[in-house]
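Let me give you the structure first, and then I'll get to my questions.
To keep things simple, chains are lettered A, B, C, D and E as they appear, and every chain counts its residues starting from 1.
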Amino acid sequence: MNRQAILEVSGITKKFGGITALNNVSFSIHTGEILGIIGPNGSGKTTIVNCITGFIKMTSGKIYFKGKNITGKPAHKIADMGVTRTFQIMRPYYSLPAYKNVVIPLFSPRAKRTGGWRGGGKLGDRNTVGIDILEEIGFERDSFVPYKMASTLPTGYLKRLELARCLALKPEIIICDEVFSGLSMSEIASMVPLIERLQMDGITVIMIEHRLRELFRVANRIMVMNFGEKIAEGTADEVMADKTVKEAYFGSKEVEEVMDYA
Amino acid sequence: MDILIYGTINSVVLALYALGFALVYGISRLPNFAHGALYVLSGFITWSLLNILGLPYLPAIILTMIITAVIGALIYQFVLIRIRGMEISEIIASYAIGLAIIESLRYFGFRGMTYTLPAFVEGSIDIGDIPVDYHRLIIVGIGLVVVLLLWLFTHYTKIGLALRGMAQDERAALMLGIDSDMMAIVAMAFGSMLAALAAILLLPLGNIVVESGYNVLILAIAVCIVGGLGSWVGSIFAAFLIGFAQILTAVYLGSHYQMVVALLAIIITLIVKPSGLFGQQKELEERV
Amino acid sequence: PLSTAYLYGWGAERGIKLAVEEINATGGVDVGGEKRLFKVEVIDTRDLEPGVPVSDALMAVKKLILSKKADFIMGGPVRSEAALAAMPLLSKHKKISIVTTGVLTPKYHAMVKKNYDKFKYCFRIHGEAVQLVGEIMANFTELKQKHGLNKVFIIAQDVSHARGGAGFIGKVAAQKGWEVIGTEIYPTGTTDFSMGLLKAKRAGAEIINIWMDMPESAILLKQWYNMKIPALPFGSTLAAAEQPGFWKATHGKGEYTLCNVVNAGNAPSNATPWTMKFYNAYTKRWGVEPEGLGSSSSYMAPYVLKEAIERAGSIDPDKVIIELEKTDIMGVYGRLRFNPKSHQVIPGKTPEEGAVGTILQWQDGKRVVVYPKSIATGSIKLPPWMKK
Amino acid sequence: MLEATGLMVFYENMLALNNISIKCEKNQIVGVFGANSAGKSTLMYTLSGIMQDIRKKEKMAGGERITIHGDIFFNGKSITDTRPSRIARMGVILCPERRRIFKESTVLENLKIGGYLASRSQAKETMEYVFKIFPALKELKKRTGGFLSGGEQQMLAIGRALMAQPKILLLDEPLLGLSPLMQLTLVKATKEIRDDMGLTIIVTEQYARPVIPIVDYAFILENGAAVLEGTREELMNNPDVRAAYFGV
Amino acid sequence: MEKRRKERIDRGIMVRSDSIYALMSWRELAYLAAPRMLLIIGMLLLPLVPESWNWQGTVTLVCVYAMLAISFDFLAHYIGLVSLGGAFFVGVGGYLAGILNTTYGIPPLYTIPVAALGGGVICTLLLLPCLALRGVYFAIVTLMYPLLLVRLIEALDILGGTDGLLGIDGFSNPWVEQYLVIIMVLLFLFGIRRMVNMDIGLVFRGVKDNDQAVRASGINIFYYKGLAIFIASSLGCLAGACIIYIFMWAGISLFVLDYSILPIAATVIGGAGTLVGPVLGCLILIPISELLRDFGTLRIVFYSLILVGFIVFKSEGIMVWAQRKYHQIERWTKI
């Protein structure tokens, strides 16, 4: 491939006390690509995200964003450069209405520079922009849902709120940590076009998912993790055919049988 | 040598101050600012039982612990239960209750410096060339045993575990059939009892004065925080850290730096380890 | 204004009330021909309590002045810094104040002296730190001559008057040929003194001079007794040992403790004919003997004021001040006169000369006055483990 | 076994449950399906008495927001106003959504706390059983709960609920965040538990396909109302339902 | 049995969605402005109440504590930093103003702003290392700071040692004194209320709610926490500076626990997170405390019991309750 890698992760290792959560993981991703990361529970997927976005200090390894070394930078600096993430264990601003949850990122230096999601360098009224973003990811504009306290929202909406918060920054990379889980079929169906549109806008997406069917529909490339190590990488079909992946991810069960659950 | 002996004694004393507070906080997440007052109160109760009712020492001690436990439970049942989970309100309410207890003690004439409890065993023994009174040795002994028992209690018994679970997530505990209100009352009663125990053990060293309530409270909080809330091991370590820091400064720097060094030790420990020596709160809250 | 929940507060309150009751029983005060009764308004300043700001005491004083419309302020605030802080307030409202208890800092009358016009409203009717030191030194000298003691170890509480006193006594003692082998300063609220005592023992101290008005000082004495430290505890301010209940409180471990109760009358003695009269009246009225260092001086304050008012024939502060400065009566603890420049009561070694202090020793459960010699009822004894 | 009639729950002025009557027989697995904010979690909270407790606490703090109407019966006995801890004692155990585990305790302690209502031998047995379903947890025994990964926490939450010796187990979105293999195991295990221990299970999901093979009876919620109910076969034969919830 | 439920309906206009200030009619204007005017006029009239029991002194004290309470409320309920360090701020501000006044002879009116800003800087710098602390840990460290400073002043015998600074000026005139503090309280009250409803205030609240999410949005939380501490500590220092001129005294007991606890108590009973509540709390608590003075030793007992009573019976806080009643109609409806 001749496109330049927007994010390059080389040899990251993370140890929590005696536990090795990540062991020498390297990968890179190109602008506009959608990378899916899958792996059994506790295989270190979220930990990769935490390392990339600076939420935890890694034990060793380097991370380059657009060729620049961002290893060890504080989280807010990395986010400011355009690498944003959702939280698997949702972290909304519980005591604020949903739309205000999106307004806060609009106050960040990055949003002021870029004008927020779809803004051409200029931010309009932040509340309106916030509600626009929410509408885009499936909060009905004219209902009262965007005005509800985040603490009263059900799981599904909170997942989407996570994504909305990332969009507000007009990011270059969005890392989605299990945003599909907790959504119903039809809701996912309405989210997929959004992800595809992001890709068209040149935004790079990393998706961590257990919903394989939907993931395979959108992802260009899949990376498989097991016990903190990368065990495979390639297109969906490639990795699914991989023997080690089968062993790690589907155990002794038949792939078809397991796929019913994904 | 003397540093070792008196450092240990001082540390155990601190640990005893802290036990009740740590227990109540660790179990029901209630920063019981009435802790110091309960400590003083139980001292006076013992005194009254001994001197006014003329009870022998042992029954007086047992009775005091029961009475204090009941008082703690009552405070919880009638006041604190209504503001559960509102930490700031809890602090203020318990502090106000403590203040009310202390000031009414004062009003009823328990003031001045003439109230004391007798030592369990009189006399002293020389360790090396350092005289140590028996009572202090008893304190160290009982103190260590109590700490051990409590640790076993909170980590290995069903009720102890249930109490700890309740502290972390009350609603989840409810779903598992743990009656949180009842448990919190038990915890408070238990914590008050520990305050009483500490008072009975420690007061014969000096005299019962209402003002010491504040000191006890501050020291108790300091020990718990430095150790990391909810961590027994941490509290004990912290007691020793602060205890020895005090004794060492007393020896090498002069006693009037005792408090300065202790406070500095607290602040620096926390800056270096933001959740205390053995706590994980910060890391847990920042886990994403 | 008094911190009534504390020894120095309630002792003074009782002293003042007793005097006022006596005065009123004889018809009150003659103000320019008209007989008027004293009325006492007591307010709790809480200034001895930890955790209470001085401003609370000042609010109390303000309340006395503004809403209780007090004409004269008597008693406290008790804590030195509170009393100092109250001075500007008193002069702002032009209220005469007689400090009768607690406040020992020499700064108090120094302030009056330095800025007489502003602070002339402030009087103090009991002894202060410098005087205390003088009295104690006299005893040291005696101990030296009689028992050959020569090494002093000083333990003080970490408050200004105590530390100041300790430093001062250290200097004076060194000048007078004593060997000052160490000073330990303990923060208020300390409950373990073993390290200091061990230090003293190692250094071979023979007298331990104590400056401490916190209640925990009883622990110090108990530890001293338990550890059988061969040095005589000598309290300069030692609140715990002043109370009659001390003996019982320490289960007899207070034996041999010496302590200064500032003015005669706070312990039984025959300083003046009035002393025992006061002592008995107080005991009768309140059911306990006078305790603490402020009782007798507080008792005298209303009398002194009464005479000044009667001489002035009015309660106009400026006139009363002039008369107060002229005070000269034989009181419970000797002849009372104020220094007209600093408004400090003039001390004396004998009651005829001026206000006398008192140093007592606990002997066999009783408070025995051992100094000044002119009124002493006994002499200093040494504990058995110190006898050579 | 568990029956609710005419349940209505208001949050302030919003109707979250609208006159819902559900019933589940002993030894059944009952599914409750519905999209986001259909009211599934609300229903589960209400059945386990937590909602009533929340209401009581909110009232005590001043603001009365929640209104609950209707009756809940367990084995014919009304538990509408019973305290949640009593309800749990009767055997109705809720495994809540978003994994409310005890973050500061270790995995083992979490399970032990879960076993508060169990006798010593029961607890030991169940613990072994939990480790059998979730072998991953066994490795994590000594780890602090709060540091586990999302999926691991989910397993722990389910394991903990099992420890409480339920007679009726309410599972609120149990599959959330589990890997497909784990989901399969859990679903199989659920059926097994039902068969072995004679449990009654109510399970909610918005994505019904993984659990549909095991449910005997299901309710479909929409905007707080039960719009459809029936046995598995009945629902499977309904084309609308198939499209919306089973993704086929 | 008839099924009923309590229904709550907002009173008409969208006043509660903060940024929308579409003033339609006089009625709506009055609806919005009435409570504010009531507060402002009420506060301004306070000193004019006929003197009965040291009222004037009480009014100033109320205002001083109100500043502290606002500062606490702001920190605790808008940034989530629960500080028990009111005394710390008071002490630093008071000493700074005192030193400026006694050693350099600068008159009170100039030292007050200097002490507020300078004290704010000092406090912020000292607290910077602690910003990473959370919850109770932060509270305890802020509790330890004043104790430490007291011990340092005692041990090193600096800044007048335990005697405190002597010879501090007073305000020239009681009216100046009272209106100065009242106006300052009102200014800060409305100023901070404005601020928390503005952009920056929303970020503050975000930090309180969930600082990790704020970090993920590319916002530097340390900057915002530091800023908030600076604002709050300046306000606290301002109160400290006022205190020393009101009482003409500065000493170590400026660092005393009362200055930390009382404002918190006022906040709790007045209504946490409302900013007005704390002021109201002070307006209730301080006069009660003064009224009770006649009880001598029992005063504090009664005082504490009253406090507990407030907390238990209006645990949400008076202002929260009042706002709800004002903004919503409650009625029973059938379903």
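Quick notes on this one:
As a convention for this text, a residue touches a chain if its C-beta (ideal position, glycine included) is under 8 Å from a C-beta of that chain, and two chains touch if they have at least 3 such contacts.
The shown structure was predicted, so the numbers you read here are calculated from the model rather than taken from an experiment.
For the pair chain A and chain E, chains touching both partners: B, D. The minimal number of chain-to-chain contact steps leading from chain C to chain D is 2. Taking the mean Cα position of each chain as its centre, D sits at the greatest distance from chain E. For chain B, the chain whose average C-alpha position is most distant is A.
With centres set at the average Cα position, the gap from chain B to chain E is 31 Å. The centroid of the Cα atoms in chain A and the matching centroid in chain C are 75 Å apart. A straight line joining the Cα centres of chain A and chain D is 28 Å long. Centroids built from CA atoms put chain B at 47 Å from chain A.
Annotation for chain B: residues 82-83, 86, 103, 106-107, 214, 256, 259, 281, 286-288 touch two or more other chains. Touching of two or more other chains is recorded for residues 46, 55, 87-89, 91 of chain A.
Chain D has residues 60-61, 147 in contact with two or more other chains.
Here the touching chains pair up as A-B, A-D, A-E, B-C, B-D, B-E, C-E, D-E.
Taken in their complex, chain A has these residues touching chain D: 16, 19, 38-42, 45-47, 88-90, 144-145, 152-157, 178, 181-187, 210, 212, 249-251, 253, 257-262. Contact residues on chain D toward chain B in their complex (touch as defined above): 48, 50, 53-54, 57, 60-61, 83-86, 88-89, 93-96, 100-105, 109-110, 112-117, 144, 146-147, 160-161, 163-164.
Those residues of chain B that touch chain E in the complex are listed here as 31, 78-79, 82-83, 86-89, 91-93, 95-97, 99-100, 103-104, 106-107, 214, 218, 221-222, 225, 229, 256-257, 259-260, 263-264, 266-267, 270-271, 274-276, 281-282, 285-286, 288.
On the chain E side of its complex with chain B, the touching residues are 76, 82, 129-130, 132-137, 140-141, 143-145, 147-148, 151-152, 154-155, 212, 257, 261, 264-265, 267-268, 272, 297-301, 303-305, 307-308, 311-312, 315.
Partner chain D is touched in their complex by these residues of chain B: 82-84, 86, 155, 158, 161-162, 164-165, 168-169, 171-180, 230, 280-281, 283-284, 287.
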